[in-house]
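Have a look at this one before I ask anything.
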C-alpha cells in the first residue's frame, strides 16, 4: 500500500510565497528519499509559483464548484488546473461548503482528471462524503486541529470508525486522517488504524526545520 | 484628473491562465498608448503568472480579511501581495462579504500599501462603503452586470447620487462605476456623471478582439 | 405503506401569519378526510401560532445546528420544539447548509425526538444525506422547483435513482420527492417511482382554493 | 432624553419559550416602574407567543432582506411583523450579514414601520451602518460580548468614537452600546459616553433573578 501525505500550508506566513516554494522543495526531497508520496497545498495565489519551479504534486486548498462565467473571486477548477494543481482539498473545516457545493466541486475535479480530498469532522460526515465518490476523505476532528495532540492517539475510534463506514459505502475511497499529526509515530499509528495517509499542517510548516520534521514523519514506515 | 480602468477577468475561460496573460498585455499596450491607467484583476491563481510577465497593475478579485494562521482556502492579503498584486476588489456582487469582513479586508489592504475597491449595489451601500475609507468604491447595480446596458445610460442617477453621497462622507474616496460598460461612449458618459473610472468585464474579456475593444473604450477621453 | 405529504409555506404572503393558520386547517381537514399524513411547514415565526390552534403536524422550515447559548438569530431546535414543531426541513435549496451543519442539525432533531427531512438536489447528494440517517430525504432538482413541471414527469430517473441509492445506504430512510408537484397524478407518479411522499409548496399555497388543491392531490391514492 | 434598553434572549435555555414570556413580563414590570423603555428580543419562534401575552415591545433577533416568495427558512419581515414584532436586530455579531443584505433588511423594516438596530463591531463599521439610516446602531466589540466586562469601562473610546462618527454622518441615528453590560453603573457610564441606550443579554437572561437584575440596571438613571 502506498502512503499519501498532504501538507497544508494554510495561511501561515511560514508557508506563503517564497516560503511555500521552500516547503515544496522539502516535500520533494523527502518524498524522493523515502519513497513516499508527499503533496503540498500552498495558498491559491502560490499554486502557479510552486508548480512552476518544484517537481511535486500541488493541491489547491479549496475550489468552488463554480464553472466558467460571472463568478468574480471564486476558485474555478480550470484556473487551478492550468496553474499546475493536480488536486484539491474541499470542505476543509476552515472553509466549509454546502453539501451541494461539495458534490459539484468533487464532480468538477473528477471531470478534469484531478484528485479530490473531502475533509470531514466525524464518522457520519465521513460516510456522507464517501457517498460522493471522491478520491480521498480526510477525517479531522476540529477540536484537535492545530492542537498538537494526534487524532490517532486522542480519538483512534474516529479513524477506525471512519475507515469502516467508508469501506461499506465505497471501497474505492481512501481515508486520510488529520488533526495534530506531526511525528513518525503519529503517521504509523494512523496507518495501523486503517488510514492510507495523513493531512497535516502546523506541525511541519511551523517546525524549526520543516525538512527534518518531514524526515521524522516518514521515519517509521 | 486621471482615469482609472479596471478589467475584471471573472472566471471566464477567455480570461483564465494563458488568456489572462494576453489580456494583461492588451491592457498594458493600450494604457501606454492612450496614457490612461488600466489595471487587470485576473483570477487569484493567475495573479503570480500575470504579474511576473506583464508590466501592468494587477488586482486580486477578492481577499478575505483573514490574517496569517489557520485559515485554509482563505485569500490572505500578504499572499496576493507577494504574488504581485497591488490592490484588490472586495465585496463584488458575485462574492459578497459581511460588513465586518469588508472593513477588515479594506484595513488589511491599507496596512499593506495596497489599493482597495469596494463594490456596492446602490447609493446607500456606496455611502456606507465610503465611510470605511477605501481608495475606490465601485457602484454596480447587479441587474445591469453583464447586461450590455451601460449603467451610465440605464441609471445615471445611481452614479451621480453615489458621487454626491461619497463626497459628503469622504471626499478622498474615488467613485468607479460598472455594469454594462464596454464602449468609449459608456466611459465618457461615466466620467461626465462624476465617476473617475470604470470597472468592466465581459464587454472586453469576451470581445472578439479585446485590444481593439480597449482602444475603443479609451477613444473618447 | 403510509403516504407523507409536507406542505412548505416558504415566505409566500399566502402562507404568512393568519394565512398559514388557514392552510394548516386545510391540511388537517384533507388529512382526516383522506386518511393520509399531511404536515405543514409554516415560517418560523408562525410555528407557535399554527401549532397552538390547529391539530396538524407542524414542521420548521429550517433549524441551525446551534445549541443553547450565544447564537443570536439562529434557529435553536428546542425553541421550535417548545413552539410546537414535531420536525424540520434542513438544507432546503433556498437555505443550503454545510455538510457539518446538516449532520449537527439532523442529530439535534433526533436527540429531541423530532423528524428530520434533509433536502437534496441530485442522486449523489441524496446518497450522502442518507448516510446521515435522517427520517426522510427529499430530492428536489432545483431547476424544477416552482416550475409547475413535476419532477416525477420531467426526471423520473432522479427519483428512482435516489430511492435505489438510499436503500443501499440506509433502508430506514424514506424518500420524498419535490419540485413541481401539485396534482393527484404527480403524487401517484411519485409513489409509483418509489417515493413515500412529497414535499410541495406553490402549487397548493398559491392555489385559488388550497383545500380543493389538496383534495385533488390525494384523489388518486 | 429617553433611554432605550433592549434585552437579547439569544438561544439561552433561560430565554426560550415559557422562559422568554417570563423575561418579557420582567421587562414590562421594570419598564413601567422605572419609566424607561425596555424591549425584548426573544428567539424568532417565540415572537408570537411573547407578543400575544405580554405588553412589551418585541424585537426579532434577525431578519433576512428576503421579500415574499421562494425563500424557505428565511426570516421575512412581514412574518415577524404579523407575529407581533415592532423592530429587529440586524447583523448581530453572531449572525453577520452582507452589506447588501443589511441595507435591504433595514429598508424592509423602514418600509413596514418597524425599528431597525444594526449591530457593529468598531467605529468604522458603525459609521458605515449609520450611512444606511437605521433607527439605531449598536456598537459591540465582539471580544467583550458575554465577557462580563462592560464596554463602557473596557473601551470607552469605542463608544465616544462611535457617537461622534454617527452624528457626523446622520444625526438622527441613535447609538446603543453593548457587550458586557449588566449593572446600573454600566448603563450610567454608557449614557455618559453619549449612548442613548444599551443592548444586553447574558447579564440579565442568566441572572439568578432577572427582574432584580433589571431593577439594578435602571437604578442609577
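Note that the chains take the letters A, B, C and D in the order they are written out, and that residue 1 is the start of every chain.
Quick note on the criterion: a contact is a pair of C-beta atoms (placed from the backbone, for glycine too) under 8 Å apart; a residue touches a chain by one contact, two chains touch by 3 or more.
A quick map from chain label to UniProt name: A, B, C, D = Triosephosphate isomerase.
Bear in mind that the values here come from a model prediction, so they are computed numbers and not experimental data.
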| item | value |
| --- | --- |
| Residue-number overlap at the subunit C (Triosephosphate isomerase)/subunit D (Triosephosphate isomerase) interface, same or different (half cut) | same |
| Label of the chain whose CA centroid is most distant from the centroid of subunit C (Triosephosphate isomerase) | B |
| Rounded Å distance between subunit C (Triosephosphate isomerase) and subunit D (Triosephosphate isomerase), as computed from the means of their C-alpha atoms | 33 |
| Separation of mean Cα positions, subunit D (Triosephosphate isomerase) and subunit A (Triosephosphate isomerase) [Å, integer] | 43 |
| Centroid distance [mean C-alpha coordinates] between subunit C (Triosephosphate isomerase) and subunit A (Triosephosphate isomerase), Å | 36 |
| Set of subunit A (Triosephosphate isomerase) residues in contact with two or more other chains | 93 |
| Touch-based graph of the chains, sorted into line, ring, star, complete or other | ring |
| Residues of subunit B (Triosephosphate isomerase) defined as touching subunit D (Triosephosphate isomerase) within the complex | 91, 93, 96-103, 107, 120-122, 124-125, 127-133, 165, 169 |
| Contacting residues of subunit C (Triosephosphate isomerase) [partner subunit D (Triosephosphate isomerase), same complex] | 8, 10-13, 16-18, 41, 43-49, 60-62, 66-76, 78-80, 82-83, 85, 89, 92-95, 145-146, 201-202 |
